[in-house]
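Alright, structures below, take your time with them.
In what comes next, chain A is part of two complexes: it sits with chain B in the first one and with chain C in the second one.
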Partner chain A sequence: MGLRDWLGLRHELPHRRRLVLVFLSFAIPLILWSVVSYVPWIWHPLVHVTETGGVDYFSTGMDVDRAVFAQEIANMAKAGLKAPAGYRVNPLYFQPPHAVARAFYTAFTTPPRLPTEPWLHQSLGHSIRTIFWGFAISSIFGLPLGILCGTYRFFAKLQEPFIEFFRYLPAPAFGALCVAILGIDDAPKVAIIFIGTFFQQVLVIGNTVRKVDPSLIEAAQTLGARGLRLLTRVVIPASIGDIYTDMRILLGWAWTYLIVAEVVGTMSGITYFINQQARYRHFDNVYAAIAMIGVIGLGCDMAFAWFGTVLFPWKRRARKTVSRVKKFPARSPSPAAVPPPADAALSPPFGAENSET
Partner chain B sequence: MHLIRRIICLTALSLAAVTTSLHAAPLKVGYSDWPGYTAFEIAVQKGWFKDAGVDVEFDWFDYGPSIDAFSAGKIDADCIVASDALGAGAAGSPSKFIAILDYSEGSDMIVGKPGIASIKDLKGQKVAVEFGLVEHFLLLEGLKRAGLSQSDVTLVNTPTNNMPQTLASGQVAAVGAWYPISGQALQSPGSKRLFTSADAKGLIYDVLAVNPASLAAHHAEWSKIAAIYYKCVAYLADPATRDDAIKIMAAKVQQKPEDYAKNLPGTHFHTLAEAKANYKGDAGKAMNLHDSLVLSDKFSLENAVYKVSQKPDDYVSGAITLALP
Partner chain C sequence: MSLNPIKLPDYREQSPEVAARFQKIRERAVVLQVRELRKNFSANGGSHVAFENVSLDLHRREFLCILGPSGCGKSTLIRIVAGLDEASGGEILIDGHQVSGPGPDRGMVFQGYTLFPWRTVKQNVMFGLQMRDKDANTADSEARQWLEMVGLAKFENAYPHELSGGMKQRVAIARALANEPSILLMDEPFGALDALTRCKMQSYLLQIWKKVNVTVLFITHDLDEACFLADRIMVMGTNPGRVLEVIENPVPRPRRAAQLLSPEFLALKARLDELIHGPADAEEEKLPVIKLTEAGDEVE
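Right, the complex of A and B next:
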């Protein structure tokens, strides 16, 4: 099996090989992480003191720089005192995989320490609700606006320059304003996610709609379609599949605003857990919580990708044929400043398309 | 289109729910992770507010956002460092200090790297503090007592959360940080406490700052809330209940009780008697609240934290505490 078979440009890989690659994409980072964590001579820049020896400022359980430790051993030898002992460790903020895995499990099984506090799964539920509302409200406005901008020059020119400007403004900076207007509970958090998502959403969707094949529109116009009918019968059906994939990417985008959104107003959700654990340096719990967000995000995305293949069965067939046949990019590059999401990002992450082969 | 209509309905409903929840009006108090504030959690868990017939909601914040929410008028009171309350007042959100919660007695500190034995050694060196915050204030007090001034050191503006790494990097001679970050900075080998809030007792006060309008409208409730704070302090001080108190407070910040207990001496909680005396100007060996505010006002003006001098008498409001039985 030659290298060419694996690296064939734009060739579909056989099902088996794809699974191997999917596995490797997770296994490689995990192996690297394990190597740095468990192989004692790789990195491990600190020494965990087990015996203080004659060093007055050492205490057992303290982590010191290797250089300092070596220096003190030399000092003690010179002074004729007992040498300190210890073993090499990584800094506290770099936790090994097993600690994070354990924290992942115990975080769910540990009851809240006070009866008024939420369980972890309740906190996660709270976070998911926040994301849901932020994204839903953003979509209610962003989706129609994006479609209008993509279809009519009028709306594009009226909206997009300002939106282009606004999307650079950092959403977290509006935290205090959101609290002043919306109070301290969930509303300002939802607003931060809205601000973080909406402006990108309009531009990305506008861009996707703009890529609808002009000949389709011309043909429809020749046949007498115009106005709203043209929009609902031609433009939207032609772009709906791509809009759906855009929405998936945008949902991921919304998640990235969660951590900054949830410290606005009262602390809540998974961020409360992460911040509190980080403040007291329980980094295993911190990484476990971060991993939970990753798992939920990826899980949702895979579910949506699968659902997409159900909703838009013609999409996968169409793309497959195109990718085998076409020699030149069929679509002209987009004129707007936002580059369209790369094709790779648009296809379902993995697995979803496999059923066909 | 059905789906869209449904989504719009749901959104409208949820927004309505959010707004109504703002209008149903328990008093709201913001608190955050500092022992003097977390003590309120004892009353929350014991149901003391309900027992006293006070409709109050305690909202847990990060310290910074709690000030934002208070300044925006979204909470009626905040557990806050007195000098920060002056800052909020200068920015248009004045408040009344109806209860003195505590002063810092060691939890705030200036930590020096190896080789720096005292504040005097900082002359000509770099010191990392977060500009305008209490550690900056503490450092200046330390410098003053060592016969130095701000111009004798080079200040480096650094977020307090990053102080342990900053000190470990060796790029600065000392850092200023509060609990629990100060403890981490001290773990850096050879590092040393140069000056702490225990050396300047009463320099850094924590108070319950109440919105004046809410205070006027709900005087009786605020009086009960202040009384309950001192009850929490008594519960924490009583050897019979101390362990239970620490357990509750530690649980609130997800710490082990034994670790949490170790850090409690850094906070000088005020009993009712101490608070009363303090309002009258007597804080024992410590500086009283009023004098501390005079100093911090001067500091804030000199360092452009705010521009218009704030009069301590406009803030310190002993009437409620002094009237408590």
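Right, the complex of A and C next:
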């Protein structure tokens, strides 16, 4: 198993090796995280005090800087007092993997501190609803507009220059305006996600539709398709698979707008949860909540990708192309060796062309 | 120095059977009339003639090949006949009616297959029938019959990407024929296929053409292909694109591979070669020799 098997330029990897690499792509960051968390002499910049000794401002359970701790040990030795004791720890905001893993479960089971606060699942539900509406409203307008821009020069020239300009305006910049216009509840949040998604959506889908092979359209025209039918029977089906992929990517972008959207007006959803937990110094929950956004995002994307192969079977590129051509006998240049070509072989039943036509 | 030791007959000599066949073809109705067709391109601010003075009559069930080097405008010509490009002058009549825009009366087979990847083989063949609002059952059974004719009935539910190039092109032919066009336009349809598949496809095409009431206008730059398929061959030249000669093919039908070495075939091919590449003894352009490498055994 040479190096070239793994690192050959554009060299396809076999299935098993791909799986190993996929596993490693998650395992390597996890291992690094574990090393920093569990190997006591790596990083661990603080000392968790177990015995105060003679230091009057120490208390058991407090974390002090290692340099300070060492200084105090020296001071106590000089003064003839009892030295403090403790062990090295990481800061509280750096949580080890097992704590975050546990929080994945416990964050759901911990009741909120105040009766008015939502549970984690309610916060997540709220966030997903915000994303859904922002993305849905954007798609209702963006999808048809994008298809029109990609199909007709008229719409492309009428809309794309302005959209091109508008998409450079950062969506969060509209936060204050959205609150002024739409109030402080969910509406401005949905609006931020809409602004963040819509303009990209029109351009991206327009581009995808423009890439439809013009010879397919010409072929359809020679087969009698014209007008709106060219759009509905050729342009849209020819691009729908790629549009679907675009929509998956755009949905990913919508997720990245979620946190900015949720701080607009009254903070809500997963952002509110993360902020509250950070305030209570439950950093394990904070990490778990952030990771959950990733898990939900990736999970949705994978589900959509799978569903895409069901919806668009022709996009499943065959691994092995059926190759029936190979069995055709070669036409030999020597007349004696020529197997009668199908043309000649079939001629008796049809008779000579002259008499028949 | 003559490189022509074999004595070939005159390419205009026809056996009585072939002559009688051409006589019958000439008596048939004219399907396609091209009158004084001209096409200009504007490039770099100037206007440049792609081709001019192209006239042509195509009779019912005739097989005509347009042969020419690249740049002679043969593809533009067939696209204009299909209605995909506009002529700069002249007119085109199909069954006596002037052509404007593409239509199902002129089926087209492109070099690049152009099958709809989202439709199965059968659905591809059904496309034209659906565009003419045939009901689903009729379209279905007609599509099946066309697939049987091109020998792909077993693959009706396959997607185009699962087929080989030759099979894709057979589907494209079935799809064009399903519309029962009065003329089938083929723009170098076998150009993307390997040599062996190409030979096979030529035989297939002749078989299909024999069974179907269709006139064929076929573009190629391959001399053998033109000689093997055509009734008449229209040879075009470049700068500007124009018709050099329209030749009646003296090779009798039915055609078979063995005829590739028959005297008529070779005579025809020699004439086509002369038209396309200029006279055999014309001075060939010498390439500047930059580095001369000899094998060292005194054999060139």
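Worth a mention:
The definition used in the following text is that the second predicted complex is superposed on the first by the 287 of 357 C-alpha atoms of A that agree within 3 Å, B and C clash if a C-alpha of one lies under 4 Å from a C-alpha of the other, contacts with A are read in each partner's own complex, and residues count from 1 in each chain.
The rule is short, and it goes like this: a contact is a pair of C-beta atoms (placed from the backbone, for glycine too) under 8 Å apart; a residue touches a chain by one contact, two chains touch by 3 or more.
Here the structure is a predicted model, which means the values were calculated and not measured.
Between chain B and chain C, the partner in contact with more residues of chain A is C. In the superposed model, A:I137 makes contact with chain B only, not with chain C. Contact with chain C, but none with chain B, is seen for A:A225 once the two complexes are overlaid on the shared chain. By the touch criterion defined above, A:V36 reaches neither chain B nor chain C. By the touch criterion defined above, A:L19 lies against neither chain B nor chain C after alignment on the C-alpha atoms of chain A. When the two structures are aligned on the shared chain, A:V89 is found in touch with neither chain B nor chain C.
When both complexes are overlaid on chain A, the residue A:G265 reaches chain B alone and has no touch with chain C. Of the two partner chains, neither chain B nor chain C is touched by A:I249. Judged by the touch definition given at the top, the superposed model places A:G241 against chain C, while chain B stays out of reach. The contact surfaces that chain B and chain C form on chain A in the two complexes do not overlap at any residue.
The residues of chain B lying in touch with chain A in their complex are 4, 7-8, 10-11, 14-15, 18, 21-22, 28, 30, 33, 41, 44-45, 59-62, 65, 68-69, 71-75, 180, 184, 187, 189-190, 248, 250-255. The touching residues of chain C, when paired with chain A in their complex, are 17, 20-21, 24, 61, 82-84, 101-104, 106-108, 110, 112, 114, 116-119, 127-128, 130-132, 158-167, 172, 175-176, 179, 185, 194, 196-197, 199-200, 203-204, 206-207, 210-211, 253-258, 260-261.
Across the complex, chain A meets chain C through its residues 213, 215-216, 218-226, 229, 233-234, 237-238, 240-241, 312-314, 317-318, 321-325, 328, 330-333, 335, 338, 340-344, 346-347, 350, 352-354, 356-357.
Considering their complex, residues 57-58, 62-65, 68, 113-117, 133, 136-137, 140, 175-176, 179-180, 182-187, 263-267, 272, 275-277, 279-282 of chain A touch chain B.
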